[in-house]
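Two complexes follow with chain A in common, the first pairing it with chain B and the second with chain C.
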Partner chain A sequence: MGVRVINPGLSTTVQDLGRPGYFHLGIPIGGAMDRLAMRAANLLVGNPEDAAGLEAVFVGPQLEFTADTVVAVTGADMPIKVDGEQKPGWTALEVRKGQVLSFDFLNKGARIYIAVAGGIDVPVALGSRSTYPIGALGGFKGRAIAAGDELPVGAAGGAKAGRSVPEALRRGPGRPTELRVLPGLYWHRIAESSQAGFFEDDWKVAPEADRMGYRFRGGRKLEFVEREQPFGAGSDPSNIVDSCYPYGSIQVPGGTEPIILHRDAVSGGGYFMIGTVISADMDLIGQMQPNTPTRFVQVTMEEAMKARADRARLLQDIRTALV
Partner chain B sequence: MKNRYSFGGDEHLFVECDESMSLEAFFKSLSMTKAVKASGIRGITEICPANASFQIKFDPDVISPGDLLREVQAIEDAAERAEPVIGTRIIEIPVFYQDPWTHETLMRFRERHQDPKATDLEYAARINNYATVEDFIAAHSGAPWFVSMVGFVAGLPFMYQMVDRPRQLQVPKYLRPRTDTPKLTVGYGGCFSCIYSVRGAGGYQMFGITPMPIFDPEQKVSYLRDFMVFFRPGDIVKFKSVGREEYDQTVADVEAGRFAPAMRDVTFDLTEFQKGIDAYNAKLEGAIHGR
Partner chain C sequence: MSKQEIRSPLPGVFYRRPTPDSPPYKNDGDAVAADDVIGLIEVMKSFHEVKAGVAARAIHFLADNEDAIMAGDVIAEVEG
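On to the complex of A and B.
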């Protein structure tokens, strides 16, 4: 059983729930940017939640199946077709040998997740099948899929077509998108007026938004607390002695355009960070398109933990709905 | 100096040992990360040392952020009382300075450089008050370096030279980053040297190239068969200036699976080091070839 790539889309990669444990060597966790959508797609086709599927950004691929199977597409709202016939999202779909899965233009969100019963069975690299293109590691030959590739699929276990994730449990980003942020790290480096301004201003996703990080524009330039730059930090007030970067951390080079690091983050560098997007909102970023209006909302650790519990409950509800 | 603790969202604890770079701050970061690892605190999933700070990734469903903070702070108190000694390894890295490949690349990006009329090495030598490029290379390859961080991208080592602050070399990054850097370029930015593990964008000044691969996702290079990344934080590196002939020979040896990096396990003692840096470094270097 395999999947033949007729057209790869813009950038479609094999992803699972990531490769923890190697960030100290510069290899990021990777994996689906919208973890919840990836898990739901796997649950729909009877896979373990951490099975590998495909993540396609902005433009869907065109795929042919070499045997009868069950597939599911979750995440962004992008019309789904099997042999030209419209099919529902967030639903386990039966496809026959030789049929072609394709997509129309994206309506809402940014990334779709395609799960195939049995999972995409590329070799495991450092504990994961996720693609890390910079290191040519994992995925299909360490790169995005290309026309003519034939992706291996594992043995399916009890996939049933017809099941759906209830609509109330399909969460995408709102408009404007609110991203909750726990201030910290080098927050003390900016003036109080800028601390308040960051949360007051209207921001927009910039064109430079990918698996490594999302850049934002539109808010006021941050003012720094004056200091003599420490030895080894570099001369710009936004420079620090190179440190680690948390996933979700918000760096602001030169104080102008915030960048939120995502699943394929660089592991460290010399720009100060003002805080971190909480874990519960990381999936949402994966569904943001360039130009999406954005507000940053300040939260406490207690609120972050509550949001995390809410997110875990949502996943549990999806699991329960699909039993 | 006391550490500064801050949370990076609900999954990271960020610990700054010092705002400024120094061997003492790096050593504290390294020994604390070793102590945290040894402590086996539940819920910790990754420990990443950096130059003068470190980061712990944790699962807040297993340990609450508050409990983690208390446990790590307790380790700081113990670490301050411990002997500043670590076991590590010293590795000799051949470098072909002023090689044709980084030269070709730096010429392509001259308009992004502070001094378009000079090479990166000529510029670095001048602003660090060295009379000649050769003198500057002698300083760069003369004293060993601590790998103070591995990262940015896969397997890229940042290195801080084991000399006192007046002798630290400092060079700014390019005015605008290049879109290309040859694989295995030996670079320099701020007070850090690095080796580019893969080809790609970069802003560090380019001094030379090493024939020795340091990252191999296919694990075909003989000494990377066990693990695809060569460097670990805390490694000690000694650069050895080589010419074209030795460079070509080493490339061929790597290809043929004959090359093994010269390295030895050593103990590093910060107190002894501080008593006499040059003598201590000479002893460390002597260990590489078992002298």
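On to the complex of A and C.
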């Protein structure tokens, strides 16, 4: 059983839930940008939630199946077709040997997740099948899939077609998208006016946004509190003595364009971070197209923990709906 | 005479010229062949060519140079 790639789309990679445990060595956590959508796709086709599937950004691939199987597409709203016939998203779909899965133009969101019963069975690298393209690690030969590739698929668990995730449990970002932020260790480095302004201003996703980081434009430049730069920090006021960068942290090089570090991020460096996007909202970022209007909303640790619990409950509800 | 829309397959920034100093790929009223490049979309730090996709007698642009566009937005119309 395999999946033949007729057209890869713009950038389609094998992803699972990621590769935690190596970030301190500079190996990013990787994995799906929208992990909830990846989990849901796997559940639909009867896979373990951490099985590997495909993540396609903005443009869907064209795939041919070399045996009968069950597939599911979740995440962004992008019309799905099997042999040209329209099919529903967030639903387990039966496909026959030789049939072709393809997509129309993206309507909403940014990334689709394609799960195949049995999972994409590429070798495990450092505990994960996720592709880290700039490190040529994991996935299919360490790179995005290309036309002519034949992706191996594992043994299916006997999933039935027809099940779907109830609509109320399919979550995407709103417009404008609100991202909740917990101010961080370097909060004191910016002037009070900038502390307020960051949360007041209207931002937009910049076209450079990718799996490493999501860049934003449109808000006011940050004003820094004056200081004599410590030994080891660069001369720009946005520089700090090198530090670890958490997943979700927001660095603002030069004080101008905030960048939220995401799954394939660099693990450390010398840019000050204004704070961290809470874990509950990181999946939403994976579904933001360039130019999406965005607001940052300040929250407390208690609010962040409650949002995390809500997100865990949503996942539990999806699991329950698909039993 | 039939009109057809050319839509963007990608979100990003639309450019009508290959470089800032070059003339535009196509001017309003130009004829196009299906394989002709009519613009570029910048997204995720790379540039992607947009082709006309159809042969036509005249193209008319609806998106301006450096417009922010979403996937599926109409970039241009062609006639005939």
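Things worth noting here:
We take it that the second predicted complex is superposed on the first by the 323 of 323 C-alpha atoms of A that agree within 3 Å, B and C clash if a C-alpha of one lies under 4 Å from a C-alpha of the other, contacts with A are read in each partner's own complex, and residues count from 1 in each chain.
Here, a residue touches a chain if its C-beta (ideal position, glycine included) is under 8 Å from a C-beta of that chain, and two chains touch if they have at least 3 such contacts.
This one's a predicted model, so the numbers in the text were calculated from it and none came from an experiment.
Between chain B and chain C, B touches the greater number of residues of chain A. When the shared chain is aligned, no partner comes close enough to touch A:89: not chain B, not chain C. Of the two partner chains placed by the overlay, neither chain B nor chain C lies in contact with A:119. Looking at the shared chain after the overlay, A:270 reaches chain B, while chain C stays out of its contact range. In the superposition on chain A, contact is made by A:10 with chain C only, not with chain B.
Look at A:291: by the touch rule set out above, it reaches chain C but stays clear of chain B.
Of the two partner chains placed by superposition, only chain C is touched by A:208; chain B is not. In the superposition on chain A, A:30 makes contact with neither chain B nor chain C. Taken together, the chain C residues at the contact with chain A in this complex read 7, 9-13, 42-45, 48, 68-72.
Interface residues of chain A, counted against chain C in their complex, comprise 10-11, 57-59, 105-107, 110, 204, 207-210, 289-291. Contact residues on chain A toward chain B in their complex (touch as defined above): 20-27, 125-126, 132, 134-137, 142, 182, 184-185, 187, 230-235, 240-244, 246-249, 266-270, 273, 275-280, 301, 304-305, 308, 312. Residues of chain B touching chain A in their complex: 6-12, 14, 16, 18-22, 45-55, 57, 60-61, 65, 149-156, 158, 165, 172-173, 190-192, 197-198, 200, 215, 217, 228-229, 231-233.
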